[in-house]
Amino acid sequence: MLNWLLLCVPVTLALEYLAPQQHLAIFIAAAIAIIPLAGWLGKATEQLAERSGEGVGGLLNATFGNATELIIAIAALRAGLHDVVKASLAGSIIGNILLVLGASMLCGGLRFKEQHFNSEGARAEASLLTLAAIALVLPAVYMMRAEEAPVLLGKVQYLSNAISVVLLLVYGLFLYYSLVTHKALFAGNRQEDSEAVDLWPMGKAIAILAVATALIAWVSEILVGAIEPSAKAFGLSNLFIGVFVVAILGNAAEHASAITAALKNRMDLALSISIGSSLQVALFVAPVLVLSSLIIGPEAMNLAFTSGLTLTMLLAVLITGQIAGDGRSDWLKGVQLLAVYLVFGMAFFFIPAIPAP
Amino acid sequence: MLNWLLLCVPVTLALEYLAPQQHLAIFIAAAIAIIPLAGWLGKATEQLAERSGEGVGGLLNATFGNATELIIAIAALRAGLHDVVKASLAGSIIGNILLVLGASMLCGGLRFKEQHFNSEGARAEASLLTLAAIALVLPAVYMMRAEEAPVLLGKVQYLSNAISVVLLLVYGLFLYYSLVTHKALFAGNRQEDSEAVDLWPMGKAIAILAVATALIAWVSEILVGAIEPSAKAFGLSNLFIGVFVVAILGNAAEHASAITAALKNRMDLALSISIGSSLQVALFVAPVLVLSSLIIGPEAMNLAFTSGLTLTMLLAVLITGQIAGDGRSDWLKGVQLLAVYLVFGMAFFFIPAIPAP
Amino acid sequence: MLNWLLLCVPVTLALEYLAPQQHLAIFIAAAIAIIPLAGWLGKATEQLAERSGEGVGGLLNATFGNATELIIAIAALRAGLHDVVKASLAGSIIGNILLVLGASMLCGGLRFKEQHFNSEGARAEASLLTLAAIALVLPAVYMMRAEEAPVLLGKVQYLSNAISVVLLLVYGLFLYYSLVTHKALFAGNRQEDSEAVDLWPMGKAIAILAVATALIAWVSEILVGAIEPSAKAFGLSNLFIGVFVVAILGNAAEHASAITAALKNRMDLALSISIGSSLQVALFVAPVLVLSSLIIGPEAMNLAFTSGLTLTMLLAVLITGQIAGDGRSDWLKGVQLLAVYLVFGMAFFFIPAIPAP
C-alpha cells in the first residue's frame, strides 16, 4: 500500500516544472514521494545483501542502509545549505534512538510485559554513540570559543577533517567487530529476518536499486530547494524543518521495520535497526559528507553543529545508554524516549525562524 | 518527641504579630515549626492511603507525599518570589537523591556490609530523573541564549507550559506503571511498611490532614516573608537559603523514614522514599506550580532554572543513576552521594548575596 | 633495558649547565630521563609495600603510586606555572583512563576474545571518578561566571580549598573501603601480583627510593623550565605539552604494567592500575597540590581548570563509566577509549599557542 505513495513522484516532478512557485505543495509532495522510494531502496539493498553471503551482506546493509539520508544530505550540501545538512544529520541521530527506538519499545511493551535483548551488544552500540557525541562536541566548542580567539575559526575545518577520519576508522572496526569477531553479540540481526522473504533475481535487485537511487536523488534536489520557502510558509525555522521533518522522511521505512520487529518480540532486531541507524549516521554518513565536501564543494563543510544541536545529541545519547543498557524493555521505557523526543521537538518548535545562534 | 517542636507553631504566630521586625527569630521558629507539621501531614496521608486500598492509596501517597513542599512553594509563588520557588524545587530534587539517599546508604551500610534492592525499579526511577533533568535543561538554555536572541525570552513561558504538560503526563503514566502494570518492580513500597501501624478512624485522619495543611499554609506564608531579611542577616544568598534550608525543612520527616528503612535493611523502601520524592517534585510539583501560576498569579512562572541550578540537577541525577543502577549499596556509595551534596552546598555557600546570574 | 634510558639523566644535567640555551634538547633529554627514574621509584615503592604487610602496603602504593606526577607538579607549582600543573593533572586523569585502560583492553582483547573483571569494584571506582569530575566542574563554573560577577573571582580559592579537603577525606575513606572493609571487590590488586618478585633488603629499597626521588625532583625542575621555550619551538601550546606530553611521562612505567597485566588476562589488576591512578591524581595529588600551594607558594593555586579541560575530564569519565561498568572488556572497548583519547589530542593539538581561554 506504500506503493500508492509512489504517485507523488510524478506529482513532484510535474509541480516542480509546471508550478515552480508552489513551494509548499512541492515540499509536501517531494517529502511523501521519498518515503516509498526509500522503502524500495532498502528492500533492494536487503536483497543484494541476502545474496552476498553474511559478511559482505552485512557490509552492504551497513553502508547503504542510510543511503536516502546520504543522498538528501548531498543534495543540500551541493546547494550550500550546510545548516540543513547538519540539522538533518542531528535529527536522524536523535530520531532513530528516541522516536524509532521509543516507538518500538512502546509498541512491543504494549503486547509483551517485558522484552529482552542482548545487553552486551546494546552497550557496545550505546558507548559508540557516546564516542560519536563526544567527537561532535569538540568542533562545537571551537566555534563557541571562536568569539574570544578568532584564530580557532580557521582550525575548525582541520579538526573536523581529522575527527571524520577517526570516526570512519572506528566505524570500520565496529563493522569488523559486529560482523566478524563478535557477531554473537548481535544475534537476531537483519540477516536472520529473512526467513519469509522470497529472493529476487540479482538483475531485478540491481535495477530497482539503481532506479530508486536515481529517483531519490532527483526528488531530493527538488525537496531541498523547497525547504527554505516552505519553512517560511509554515512559520518554522530551517532548523526545525531539518531536524524534525527532513530527518524523519528518509527513515520512515525503517521506523516501520523496527516497530514490526518489536511487535514480533524480536527486540535485538529492533535495536539493531534503530541504534544501528543512528550509529551509521554519526560514524559513517556525517564524516563521509565532511570529507566529500572537500571534493565536491561548493565549500568545505565542518562538523561544528550549533550548540543547541550538540547538547541535544549528547543528552539523547545519555538517556539512551541508560535505558538500553540493561537488556530489557517495557512500555514505560518507550514512553520515556518518546517524551524526550517530544520535549526536544517543542524546544526547537518555539525557536523562531531566525538564524540559529 | 518531634511533637515538642509543635510548640514552635504558636511561637511563630506570636512573633509574627507581636514582634514583626524579628525576621531571623521568625524564620527559625517557622522553619522548626514546619518539621513536625510535615510529619503529621505525612502520617495522616498514609492513614488515608491505608484505608483506601492499594491503588488509590498509592495515588494518594504519590500526590500528597510532597504536600509540604507544594504548600511552601505556593506561598512563595504568591509572594512573587519565583527564584525562591525554583531554588527550593531544585534543592528538594537534589536533596532527596543526594542527602536522603546518601544518608540512607551510609547508615544502612554501617550496619550491613552490602544491601540489595530491585535494580529494575531503581533504573526506571533513575531514567525518569534523567528525563526530568533533560526537560529542565531546555528552558534554561533558552534563557542563556536570550541575550543574543531576545525573542526567545517571550517563548520561555510557552515552552515551560508545554513541558509541564508532558511531565505531568509522564508522571501519570509512571504511576500507572508502578501501581498497576509493573508493581512487582517496586515491591517493598510504602504500603507494605504498615504492619505495625494501628489504623486511625477515618474522621481523625481527615481532621488531622486538614488542620496540618492549614497550619503549614499559615506558617509557610510567614516563613517565606522572612526569607529575604534572614538571608541578609546570615550574610547568605536567597539562593543558598532556598536550595539548602527551605528544601530540607519539608522533607525532614521523610529523611527519618528513609534512614529507618535502610537500618531495617529495607533498601527498596528507602529508595522509593528518596528517589521517589525527587521524582514527585520534578514530574508533579514543579509542573503543577508552573500551570497554577497561570491561574493564581500574580505572574506566570516558567521552568527556567538558573544555569547553576540546572547544572547541579543534571550532575546530581547523573551520579545517582550510576550509583543506584546496579541494585546494591554499601557505605561508600552513601559517602559519595553525601560528598557530592556537600560540594554543591559549598559552591552555593560561597556565592555572595547578589542576584544569581 | 629501560635502564639504558638512565643515561639521559647525566645528559640532562650536562646540557642544563653547559648549554642552557638548548631548550628543546634539554626538554627531550629530561623527558626521557624521567621514564626509568619513575620506573625505579615505582619498584622501590612496591618493595616497601611488600614488606609492610597488606594494609600499610596498600596505603604506601596508594600514596606514592603517583609520586612522579606529584614531584613534577610541585616543580611547576614552585615555578608559578599553574596552567602547566593543571594541564598535567588533567592529562594524567584522562590519560590513565583513556590511553592506559584503552591500550590494556585493546592488547588484552587481541589475545582473549572476552575478558572479565569485578564489575562492582570497577563501578565503585567509576562513580568516584564522576564525583571527582563533578567537584572539579564547580570552580570552573565560578571562573566562567566571574565575568558577570567579579566578586566570585575572590571566592574561587576558598571553594578550592574546601573542595580539596572533601576530596582528601573521600580518598581516605576509599582507601579504608578498598583495603579494609570491602577488599574482596578489588581482588587481583597489586599485592597479589608479586609471586615472582624477589624481595630486596629493606635498606636497598629505601636507598633507591631516596635516590630516585631526589633525581626526579632535580630533573623535573629542569624539565619544567624547558617547557615554555620548547612548546614555542614545536609550535605547540603549553596546554598541549602539559596535557599530552608531561602527563604521559610520569606514567610510562605504569602503562607498561597495565598492559602486561591485561596480556596475562588479569584485568582486575589492569583496571586497578589505570583507573586507580586517575583516582589518585584526582582525589589525592590535585588536592594536596592546592593545599601545599598555600604553604610553599609562591602563590595559592585553585582547582579551576579551563572550561576545555573540565569538559574533557567530564566526558572522559562519562564514557569510562559506560565502558567499564559491566565487568567485561574486548578489543573494541579498547579501540573506543583510544579513539576518544585521540580525538581529544587532536582538539588540543589544533589549539594555537595562545593563552588558553
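To keep things simple, chains are lettered A, B and C as they appear, and every chain counts its residues starting from 1.
What we mean here is this: a residue touches a chain if its C-beta (ideal position, glycine included) is under 8 Å from a C-beta of that chain, and two chains touch if they have at least 3 such contacts.
Protein identities per chain, from UniProt: A, B, C = Ca(2+)/H(+) antiporter.
Since this is a predicted model, take the numbers as computed values, not measurements.
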| item | value |
| --- | --- |
| Apart from chain B, which chains still form joined groups through touching | one piece |
| Shared interface numbering between chain C and chain B [over half = same, under half = different] | different |
| Cα-centroid distance, chain B relative to chain C, in whole angstrom | 40 |
| Chain B residues counted as touching two or more neighbouring chains | 318 |
| Interface residues, chain A side, partner chain B - complex | 113, 308, 311, 315, 318-319, 322-323, 325-326, 328, 330-333, 335-336, 339-340, 342-344, 346-347, 350-352, 354, 357 |
| Chain A residues touching chain C - in the complex, by the definition given at the top | 119-120, 123-124, 126-128, 130-131, 134-135, 137-138, 141-142, 145, 148-149, 151-152, 155, 158-159, 162-163, 166, 169-170, 173-174, 177, 181-182, 318, 321, 325 |
